[in-house]
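Shared between the two complexes below is chain A, which has chain B as its partner in the first and chain C in the second.
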Partner chain A sequence: MLGGIGRRLILAVLTVFLVVSLTFLLLQIAPGNPYAAYIEGCGLDPNCLTVVQSRWQADEPVYRQYFAYMDRLVHGDFGNSISNGRPVLALFAAALPNTIILGLGAMAVTFGLGVVLGTLQAVRAGTIIDHATSLITLTAFSIPVYWLGLMLAAVLAERLGWFPSLGAYDPSMYNQMTFAQQVANRLHHLVLPAISLGIVGAAWIARHHRAAMLDVLTSDFVRTAHAKGISRSAVLRRHVMRNALTTLITNFGLYVPIVLSGVVLVEAVFDWDGIGQLTANAVNRRDYPLVAGASVLTATGVVLGNLLADLLQLVADPRQRSRP
Partner chain B sequence: MRRSIAALVTMTTAITVACATEASCDGYCGTLVVLNSSDPNTVFQPRTSVIDEQPLVEQLFVRLAELTPDLETAGDSGFVPELASRWIREDEVTLVFELNPAARWHDGSPLTAEDVVFTFEVYRDPEVSATSAVLVERIESVAARDDHTVVVRYTMPYLEQLYDVAHHLFILPKHLLDTIPRGNIATHPLMTQHPIGAGPYRMERWGDDGTIELVADTNFFLGRPGIRRIVFRTVSDFGAKLTALASGDGDFVEFLGGLPAIERIEQSTQARVVSYASPVYNYLGFNFRSPADTTQPHPLFSDVRVRRALSLLVDRAAVNDAVTGGHGMVAQSPMTPMIRLTSVAIPAYEQDTARALQLLRDAGWTDSNGDGVLDRNGRTFSFEMLYPSTSGVRQTTAISLEEMFRNAGLDVDVNAVDFSTYVEQQQSGSFDTFINSQFTTPSPSSVKTAWIAGATFNWGRYHNPRFEAAVKRFENATSPNDRQQALEDAFTTMHEDAAAIWLYYLNMNAGVHTRFENVSLRPDSWSVTVWQWRVRNGAWEPRDLVGN
Partner chain C sequence: MRTGLLVLLGFDLVTLIVRHNRLLDLLHGTALDRTAVIAAVLLIPVLIWLLIALHRRGGTGRGWYQQLTQDGAGRAGFWIVTLLAVIAMLAPLLAPFDPLATGPSRNAAPSLEHWFGTDTTGRDLMSRVLYGARYSLAIAVLSVLVSLTVGTLVGLVSAFRPGVGALLMRGVDAGLAFPRIVLLLVLFALWEDVGVLAMVTILGLTGWFQTSRIVQAEAQRVKRCEYILALRALGVSTMRILRHHVLPNVAAPIIVVATLGAGNIILIESGLAFLGVGLDEPNPSWGVIIFNGRDLVGTHPWIATIPGATIAVTVIGFSLLGDGLRRVLNPHRV
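Let's look at the complex of A and B:
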């Protein structure tokens, strides 16, 4: 088991290295100048352009820039953002908690709603409830995340005023709030983005969980449990759900990259100050240090997500532990 | 399970009650949430480049004097005192300013004449590369006669002397910046995180998330601002910004853009539309140099007959209608409606397709092979039209123009690129034509920044000595008649040269929360009058009461 984990860790490090290198290469190839925010003010002044480019070592050969960057990265120096000059790590440190909160909120919606719907469908398999829920989940699965976010904001925020339309919290009042008020404020802001990001995933989880539940429901040991006189709800809780869990855990690991990709869109719609928005803006501005930092964090997040899924599988299913 | 449900209900009730409670103000209140498009990087005005930096500068720093809403830049009467409580003309090249002795920096230090002298030196320092350095080049010297008297001498007599020294310079704190290498001031924390100014607002917080909070300086020497706090939030997505304004989560958006956004805010119960004269002109610019080699003339657009022909092909009224939906004006020059030039006669090109085609034939362009596209010596009349993909307004412009040119037999390749690429192509001159927006200042002399050889924003590399001489005569004019004549000469030259195809001035429409009163927006700078805005009594939002 330890050997398996070790191998996975080595692969994880290699994956992150390749992603960062590929990102650096793509940014070099992409048209556009990362110093646009500065050089636009320079206009056609050649002295100004020279000053800006030498400040960021942009006049060095690409391969030297690459090795210099990788060397700094290995020593934990992610450099400064070209757009605003602030340390990349500080910017991500400020943004990461917001993305984690959004991700967790979305996962709560995805897995909470998905498991409930999947279980409902499984125990009512073949009935009108099952068919109607299938239709709903199929529709929900087809909805673009961006469009759903816009509609929720337009109706529930703008028209009805039930929820805020912007941000992870209200910065105009946040610092003056008590801790409880800050929590409530963040939760209030979380509702619409979490639903936008989580609904599509919930539909996906519901369908998978329904299949997994049906698979277990027809097993011999479940029939035996019923025959022994154990109540239906107890059988569901203690036997069926537990065994359907392994599929859920696999989906959890696969879900992390889906969340990370959807997060960019939802963060744009709701101006959620997370990594997704930070990265999207960095790409638009060709802000190399920020984009590279984002690729390191994202790749690490995906890899860790999969690693976590593998570990949870080992915990949940003892049969996995003896496999290499 | 039951306890979890009870907790959820309690929290929901608390939130609902909190939202429903009516807010009231017992002291000094008000919060204005401004929704920016991009993160400000610095408040060092000589090097600001992001449009959202200027409002910050104007709250944190002061000028010697401020323009009145009339925006009369000529002479000495079109200004109101700010740092300078009065000014006296000693002779035709000397102005003496008496500073308000009550003026203080936000750290409590007194603001003196030495700060004004220091500011002038910084703006003129080549190491700083101030974008407005060219606008103050006729100021010969700035000296301190005593702690509160500043003597400004000019190289020559001209009408905009007061404007040059009062409008372009934001006074900087010498005691804080003097020891910093001039080239590093823009990125120093004193300009990027903890600025100290003397303006109506001081910096409270500059967050890593781009949120900036300013708090009123209650000791501001011209009086306490009407709103206690200003919070700048960056919202990159325009749709999200509109939703925030319409739902009351934000209070101000400087520019609503096209008709759909304006109509949306007009229908909102939380915000209203405030219109003001446009400081922006939009045009199709020609590249006068070859994209392949900027030392060579452009194969198409170096020919004035071709430029005139294209100018005659455009139905400006139709473009204006398509783009602005009635919220704009047809443009005939690089002078915007906010500039006081109603008496200056500016020639214009009216659409005349027959004459345009004749000009093209004169230049050798005909459809020799009957394929519907003009050609000459085996080469088709083919060119690129560049614009940034982030602009819906310019996209609509491109579509309109492309159709008009195509109908006349020109092959147009419309190319939308992201903003970073757009800037890079402009810088390198690797384009044929481009659709651009250009801000002007209240003075006609702002034409220098984009249409004089070597000017910062002269992307097309336009150069006409006769035009430049006329601009010089305008700048140096000492009488309104001379000024008017020089301007007419300059614009007539530009017209004959078909320097660009002027398209429209987009009316500026801002969105403001309905609870604010005393709102006026100066076209060249919406934020100059913010410190005089108020929240209507009884219309308080919870965020207005923070710090009350």
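Let's look at the complex of A and C:
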């Protein structure tokens, strides 16, 4: 069991290393000098130029730059943003909480709705309910995430005024609120973004969960359980759901990259101040250090998510533990 | 069916020739980009025809069309995609206005003159959406071709050269784990101006990971079959085995993945345009139209609503077609 974890850890580190190297390579082949913005900032000051060159080893061979880059990353130095001069890591740290809130909200929608729909479909397989839900999940999976967000914002926020359509919280009054009010305010702002981001995932989970449930439902031990006279709901809860859980956890690992892609789009729609907005703005401003930081940190996030899924799998599935 | 497709191809050529000058003016971007879009639009009927030919050679008793359209879903998918291909081909004939020409009525609601309304600069939205089909389908078809080629090559190499294969598959794992939109954003940060060809290259080169996995698994399965061992014993070369025995086996899952991948590319391309990355004004791409209408969605909802719904229908079409093809071609694993 521990051997398996160790192997996965090594693979995870290897993946992050690959992404970091690739990012470095991409910045090298980017048109223009990757440090041009810093050099431009110097004007005619010769001292500043020397400082920039020694800091980035810009006049050294590429492989030396690569080692220097790696060295800085290992020490947590991702460089400074070109557009506002602040450290990349600090910018990401400031944006991270909002993205985590959005991600958790979306996951709640995805797994809550997905499991309910998938279970419903599996239990009523082949009926009109199953087919209708299939059609709904197919449609939900084909709708552009950002467009769904726009439509929800147009109807539920602008027309009906039920929810706010912009921002993660109300900045004008946030500081005067009590803690409970702040939480309520944040949750109120979270509803629409979480739904738009979560629904696509829910459709995906529903499809996989339906298949997993059907797999278990048709197995012999479920028939035996029914034959023993256990009630339908108890069979579903104790035997079927438990066994379908492993598929769900695998899907959680696969879901992390999907939700991170969606976050970028949904944050743009709702002007949500998170990692996604930071990345998209960095790209539009060609803020290379920020873009590189986004790439490395996102990869790390995905790898951590996958590791978490692997660990959960070990907890949930005893068979995995005995495997070498 | 085949004559029907030939007629379509003919139409396609005629519209290209008749409206040649206008068409070239309408397509924004370099000459190379224009050629790419036109080539892709021409390619669509050829691809459909290839699909048929490939399946005919498989020699199942019933025709592919009857099998595919056994149920409503397969039929709907086939016709949605076919209709879109026709719209893309005939866009210059169908569009009532020039999609780039600004008009006097700005932000006009849908009316008899402008069926889908007009946008902030008074351009006719219906014409823009019709031309958008060209962009979306062209980019989807070409990028899928790129990723299929790369994915198949990598998959075959990893199956038949285990040493290199292990390394390649590690890279594929890393690629699959990375969120595609973020990867694309990082790549697009390097380019100032992105045309259709650059789009196709980048989308294609970031989309082959899944294909290579499937090809590798399938090729490895075939490789272990006894008839392959027999062929090897007879001294048949690896290239010949690959061409005549492995590729035909791999074709079915590849076709399914390609169809589903085309829908995905359309979603991604429009998403990037929505973020202001990739294709931009004045290209009438669906994502660009939504991007332009995003701030007006409360007051002038038609600008963003119609292209978004079109994307949804298109992607549903590709999904249904992909599912239908999976059933018909019955790949061992997808």
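One rule holds for everything that comes next: the second predicted complex is superposed on the first by the 279 of 324 C-alpha atoms of A that agree within 3 Å, B and C clash if a C-alpha of one lies under 4 Å from a C-alpha of the other, contacts with A are read in each partner's own complex, and residues count from 1 in each chain.
Keep in mind that, in the parts below, a residue touches a chain if its C-beta (ideal position, glycine included) is under 8 Å from a C-beta of that chain, and two chains touch if they have at least 3 such contacts.
Note that the structure is predicted; figures quoted are calculated from it, not measured.
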Please work out whether A:Leu14 is in contact with chain B alone, chain C alone, both, or neither, and reply first, second, both or neither. second
Report for A:Ala268: first if it touches chain B alone, second if chain C alone, otherwise both or neither. both
A:Gly114 contacts which: chain B (first), chain C (second), both, neither? neither
First (chain B), second (chain C), both or neither: which does A:Val302 touch? second
Counting only touches as set out at the top, which of chain B and chain C does A:Asn175 meet: first, second, both, neither? first
Classify the contacts of A:Ser142 with the two partner chains as first (chain B alone), second (chain C alone), both, or neither. second
Pick one for A:Gly103: touches chain B only (first), chain C only (second), both, or neither. neither
Which partner chains sit in contact with A:Gly161 here, chain B, chain C, both or neither? Use first/second/both/neither. first
So, A:Arg286: does it touch chain B (first), chain C (second), both, or neither? both
Do chain B and chain C touch any of the same residues on chain A, and if so, which? 31, 150, 153-154, 158, 268-269, 280, 284, 286
In the complex of these two chains, what residues of chain B are touching chain A? 11, 14-15, 18, 31, 33, 38-39, 41, 47-50, 126, 129, 131, 183, 187, 192, 205, 207-211, 213, 229, 231, 233, 235-237, 239-241, 243-244, 246-250, 268, 417-421, 423-424, 427, 454-459, 461, 542-543, 546-547
In the complex, go through chain C and note every residue touching chain A. 170-171, 173-174, 176-183, 185-192, 263, 267, 270-271, 274-277, 290, 294, 297-298, 301, 304-305, 308, 311-313, 315-316, 319-320
Would you mind writing out the residues of chain A in touch with chain B in their complex? 31-34, 36-45, 47-49, 51, 83-86, 90-91, 93-95, 150, 153-154, 157-158, 161, 164-167, 170-173, 175-176, 184, 187-188, 268-271, 273, 277, 280-281, 284-286
Complex contact set, residues of chain A against chain C: 11, 14-15, 18-19, 23, 26, 29-31, 138-139, 141-147, 150-151, 153-154, 158-159, 257-258, 260-262, 264-265, 268-269, 279-280, 282-284, 286, 288, 291-292, 294-295, 298-299, 302-303, 306
